[in-house]
Structure formats: structure tokens, C-alpha cells
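Presented sequentially are two complexes of chain A, the first with chain B as partner and the second with chain C.
Let's look at the complex of A and B:
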């Protein structure tokens, strides 16, 4: 079974091979891989691919899923238009 | 800025019960729901519940959702914000929400997170072809929108969701070619699994998806037997001609808000992944932040409702509401939870909770 073209992160169009290449280059934490590859930074905010990256990192580092550290969670939980944010609070 | 005693995020079974319970003790409640309707996943559950008498056993999920939604609608202490998504939790304890392009924050004295869970996906070659769905998504398509996903379906996962959705596909006149399960045994309740077997659907245990094939959309799925090390056994490949592959391989709690709030978290496989450490009253390590339902550990809707009750009652109690009958009510609810989790069916959740409470002791 070849994983070359198998998609891991649909939002950012990243394949399993892309991620394994980053890991092979020495990026071994969730935060680092997120920063270099943009995995989990698309519309779904990692809700689809997070578990897959966790498993890849566990496999590569010999850690358990519980031991692999996640990246920091930050607002917003879903894409929000700049117009919405610039508009400020409804009753301000 | 909005202000409330208790803010509940998510109007599924846990959130509806949490809102009703907190309001029942006298607290003011704001209930935020992303969808334009209340009920969460109950709205598509056309099957009957087992559960307990108190949690509407023998009633269909969809009707339970309607009963709870009506009660919430009629409750003057509960303000409902539909079509509204919680965007984040901030240091001043406020929760930012967004509704149809409008931004707002909610100041709250207690927060109950009942955001539920997300369907897990599988990674295999061509797993992004059109025609590959989550089982929950198919259930929504069919039972909420009246749309069938295709003509011939292969289901991955013989847990309750996979088997129930297979049955509902058959009810809709769609051909379910096979149910494929990686584990050596069926996870679903026997009564559900027997039903689909009687209707002629093979359940292939110790099998997995090798790849999907198709040009514009899904045309075929290659499956194979796996050994006890989860490796495909060469020569056991089979090709299924299907236009739909339904993936039902578990759920992951939707915990972003809890991470943002700084709740202590632990990864517990039996509970579906990362969950917040919490006590028996559903309060997390951050005082006055509660969890209930699938976000606190994947279980089922009856337990979610009772957890919602416990969280709602305790949040209200912490704010000084309903002190006179709190103990009595919360004890009854705890007993009900213990009953729901009894027997072999509750083994997994009991094991998960044991680990969770142990982690809690370490963390404290």
C-alpha cells in the first residue's frame, strides 16, 4: 500500500508523505509541524486531521498517544470574517 | 456583552438537560446552539432508546429531542441563542460567540460545555473521494434532509452507530453490501447487529479498508483481512463495487473551549481521546466550568442527559441556587448514571472513568 498521495489534512491539502517528510527532517512536535506545514489550520481547525497527526507522531517518536503534546488551542474555533471581528460587539 | 448566571454551550441531550436543571433550581441560563434547531444529534435518531425510564426509554431519540426542546422553549429562565457558535474562551472568563456575522461576548458565573463530539475519519489512499462519508453525516442526510447518499453502501465499523445507520440505510431501500470491522468482534448491541444480519448484511470482522478507487467519485473499495497485529493478510483482498463508503470508527470529544480555558486534560482512549479531568459532579479543574455528554467522554445520549442534569444542578448550587434539594436531586442522578453504566455494556466507560479519576488524583 502506498501512502504517497493519501490525504491527511483535507483543508490544507497535505498528504501522509508530506507529513512524514517533515518528521524525517526533524520536526517532531505537533506545534512545529503545524507551523511549517499549516496542518490543522484550515476551515476545520484540525478537527479531522488532529488524530491522524497524533498517531504519526506517536509512531515516529515511540510515545503513546497520551504522551504526544498537542499544539496550543486558540480562538476562534471556526473561520470568522474580518468584517465580523472589526464590527465589534453587537451592543457596544 | 450578554450576562448570565449559567452559560451552556451546545443544545444536544446534555446541554438541554443542563439548561433545564440549572434553570429549575432558579439560575438564569443562556443556551448557545450552533445549529438553527435544538436537540443536537437527537434530531436524526429515529431508533428507540433503551436507557432508563427517567431518560425516556422506549421513546425514539427524535421525540426525546422534541420534548426537551419544548421544555427549554417554555422555560422563562432560559434564553436560547440558535445559529450561534462559541468562538473562544478568554482570560476574563467571557465566551465569545458569533451569530450570522455578528460578534458578541457572554459574561457568565458558570460555564457548562456540552459541545459533543466529532466523527473520526480514516486515512487510506483516495480517502478524499466524493462518496466517502462519516456515518453520522449519512444519518443527517437521510433522517434530517431526506436525501439518500447513493445506491450501494459499504459500512466501516460495527459499533452501534455503524450498525444502526446500516439498518436505517436498508429501511431507506439502499443496498448495504457489507459491514467491515477491524476488531475481531462486533461492538454494537446484539439486538441491533442481529437485525442487520437477519436482513442479509454480512459483518466482516478483522477486516479493514485497503484503498478506495474511482475517478470522479467512489466506484470501488478494496478491503482485506487483518492479522492480530493489524496488518493486512496478503491474498485476502476483496473488491466491493459501491458508490458510498460510510465510515463509523468512533468519535472524538470537541474540547477546544476546555483547552482554551486551561482545564487540566488527559488522553483516555476509552473515553475517545482528550477529555477534561472532572469530579463526579462534572466540574472540571477550573472552578465553575463543567462538562457533560460526549465532550466529557464518549458514551450515549441517556447518560449524556443525566450528566447534563448533574452539571446543571451543581452549577446552580455553586451560585447559591436550589440549596435545599440539591443533595437529594444530585444523589438520585448519580444513582441513575451508575445504573446506566452497569453490566458488560458499561465496561468501557467504567474503565475510562476509573482512569480519569485516577489522573485527577495525580493532577491535584
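Let's look at the complex of A and C:
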């Protein structure tokens, strides 16, 4: 089985091949690929796909994993319902 | 690495910078360099609410947005982009809670209709037909324009950038402008952290940073940055067609074509600053309002919150045109939160002005000297 069809981002249903295509089109940073492909923008916010994308970017740019820049981490840490948020800041 | 010479240097890799570069290239100019401090879409465009509306309170904004919608309708084909720009026309629904607002909306609708924008004033019951989950308690009425809508700002900007590049434009990302050289009363070049580019014309499309670029040629542009925040839910099945927007609540909520709800709020007490950190108060405030206006949305799960800068001008209208003081220095900024939706047409007019042609719509009154002469064009309908 070719690994190209392996799902890299489960939330947005993106395969390794999809991501390699975006890299081939010239998007070479996490922030840029995130914006065009939506990788890491679903409910898990990159928990599953982040490491895989970093590895692809390292491979494509010749950088080490440590040198590949991450995208900004944004709140909330986990998905929160509007109802919970609307409950306000008081403990329940 | 960096080009040493160009006819035009465009500063800013957002929707305005890329679309102006494209329109200049389309008109035949081959000697354009676009500079972006980070990556394309890293500023306001990539953080905006992605809405497109024609329901405005000034003739200027009505025409700029109407013509832009006409261009959005065929933009993928025009730019030969290989991905969808996710343009949808499912309308904007303004919900009205105050008598005073209602009067202003009646005036706005009359103006819009006189300019062939198909907006209309509707009753709360009609509004509920369009958005069945809308809470109509206390609602006085609504206005609706079916041809308003949404596009994906990331892809629209990339589409303009790619098309500009195909026509010979050079884009340097991760290149920061440090200064602008002048000779007499003309611009002569742009100094960056990657080297200097000599040029005849500089276009300031730097959004919230536009005043800093203006300072580099010694002019004071009355444009200031103001943080605006937004958040988005996980994607769900499509059940809300139009953007729902409330000036009373300073709130907008739309469902993007792939399913998530995008919502944002303007804070009238937000100070001038370059701060783009999200606040913890924002989701709590927005959630309360959304649960009140569109009750079933309370079950949505929020996955991400972010902030960006509006490039505010004193009358919420953009500042366009060549500086009366420094020849060759053009500004296209101060869009006050609606730059994305009026960019397709505005950029065309800017390109015409830059190349010395008569723009097909007069933009003289949008130059910054309007503030000294008191000829403001105050837009009443902003969030």
C-alpha cells in the first residue's frame, strides 16, 4: 500500500499526498499550509497531524524537525460549547 | 536575492497588496515587486471574518462593494486559480432592535436600491423564514440582500498573488521595509532588511501598519490599528444561509461553506494598539449574545479563537490615492474592517490611478487631505 493515501489530518480529511501537493506548489511553512489546506484547523486543532506535517516540511526543506517553525497555538485548548461559555466565568 | 530595481514596489502581502499588484500587471506593467514582512495573509486579511456585503450607508461603499461582488462572481476564472475561492451568495441579514437604527436602515436601503443593490427591509416573520433558528423577540425588523455572501480570504489572496506572479510580478516574503528613500519630493527607493530596491512608485498597502509606512516619507496618515477578535466552531451540516449581523450587539455570525460558524464582535472600547492577543473575555461575551440571538447555536463547540487588526480611519472609509506631498507615494489603507470585500474593485481603481489613467470611479475624495478640509464621508454601518 502506498502511504500517499494515508490520512494525515483526520478532521479535514487530508492525505499525505494532498499535503505534498501543497508543498510542491510552494507553501513551505506550517502557517501557510494551514491557511490553504485547513490542516490542523479542525476539532483536534493539530493534535494528530502536527507531527506528521512537521516531518513532511523537514523533509521538503532539508531542515531538522527542531528547525521547522510551528503554527501559533490558539485557545481554547479543547473544544468548548457556546452554552458552557455563555455560562460565564462563575464556577458551577 | 532581492530585486534591485522596479517601477512599482507594493508594500503589504494582504488582499489589497496582491490585488493591486495583479491589476497593475494585468494593465501591462511587468516591473512590480511586492514586499511582505511575514508570509502572504499573515496580517488582517488572513484574520478577517470573510464576509462580503453591499449593504452600506454611503454611496462610495455601496459602489465599491457592488462592483467587487460582480468581480468576485467570476474571480476564479479571471485569475485562473486552481482551487475554489469558496465564494457563496446566500445573503446578509441585518437584525434591527432600535427605532433609531430602523430609521438609518431605511435610508441605507433607499440608497442601496438607487444603486441597483437588491436589498430590502423585511419583517421579523420574514427574517425567520430566511433564518428559522433566529430569535425574533424584541426584533423590530431586518434588512436582507440575497447577493451578499462569503469568500475564503486565504484563497482569494493566493489567487491574486499567483496571477500577479504569472504576469511577471516578483513577490518577496519575509522581507521587512525599513525605510523609504526620497529625492526632492519624489520617492526613489525602498530599503528593506534584505537590501534596497530603487523604484519610481511605492504603494502603501500595509493595513494597520500603514501609518508607520507613511511616517517613512514624513507624512501623517490618520490610520490606526485596532484589535478585532473572532472565533470559529467545528464544522456542522449547513443550516444557516446568510450572515446574521447585529449592529446593536456589534456582532456577526456566519456559516462558512465547509460548515463551521465564524463569529466576531467589535468592542467599542477597544484601545488603539498593535495587540493581536485573543482575550479570555471575548468568547464569554460572544457566547451570551449568540445564545440569545440564535439559540440553537449554543450546542456548537468552539475550536479556535484569534485576533487581527482593523486599519481604522477616522470616518471608517479607506484612504486612497497619491500623496499630495510626496510624488509617487500611493496609499491604499484605512479600510476599517471592510477591505477584503471591496478589494477587487478598489484595487482596479488604484491600479488605474497609479498608472496615471483616470479611474473609472472618482477616488479623489478618498485621499487623506479630506481630513484637513473636513470633507469626511462617514460610514454609519460598521461592526
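For the reader, a short list of remarks on this structure follows.
Please note the rule applied: the second predicted complex is superposed on the first by the 87 of 92 C-alpha atoms of A that agree within 3 Å, B and C clash if a C-alpha of one lies under 4 Å from a C-alpha of the other, contacts with A are read in each partner's own complex, and residues count from 1 in each chain.
We take it that contacts are C-beta pairs under 8 Å (C-beta built on N, C-alpha and C of every residue); 3 or more make two chains touch, one makes a residue touch a chain.
Predicted model, so just to flag it, every value in this text is computed and none were measured.
Taken together in the superposed arrangement on chain A, chain B and chain C fit without clashing. Contact with both chain B and chain C is seen for A:83 once the two complexes are overlaid on the shared chain. In the superposition on chain A, contact is made by A:66 with chain B only, not with chain C. Taking chain A as the reference chain, the count of touched residues is higher for B when chain B and chain C are set side by side. In the superposition on chain A, A:31 makes contact with chain C only, not with chain B. In the superposition on chain A, contact of A:6 is made with chain B only, not with chain C.
When the two complexes are overlaid on their common chain A, residue A:41 makes contact with chain C while staying clear of chain B. Of the two partner chains placed by superposition, chain B and chain C are both touched by A:74. When both complexes are overlaid on chain A, the residue A:52 reaches chain B alone and has no touch with chain C. Seen from the CA centre of chain A, chain B and chain C lie at an angle of 140° in the overlaid model, rounded to the nearest 10. With chain A used as the common frame, chain B approaches chain C to a shortest CA-CA distance of 7 Å. Put simply, chain A uses residues 45, 72, 74-76, 80-81, 83-85, 88-89 to touch chain B in one complex and chain C in the other.
Considering their complex, residues 29, 31-32, 35-36, 38, 41-43, 45, 72, 74-76, 79-86, 88-89 of chain A touch chain C. Listing the residues of chain A that touch chain B in their complex gives 1-3, 5-8, 10, 16, 45, 47-48, 50-52, 64-66, 70, 72-78, 80-81, 83-85, 87-92. Against chain A, the residues of chain C that register as touching in their complex are 39-42, 46, 83, 154-155, 158, 233-235, 258, 278, 280, 283-284, 286-288, 290-291, 297-306. Considering their complex, residues 1, 85-90, 96, 98, 101-105, 118, 120-121, 123-128, 210-211, 232, 252, 254, 256-257, 259-260, 266-269, 273-274 of chain B touch chain A.
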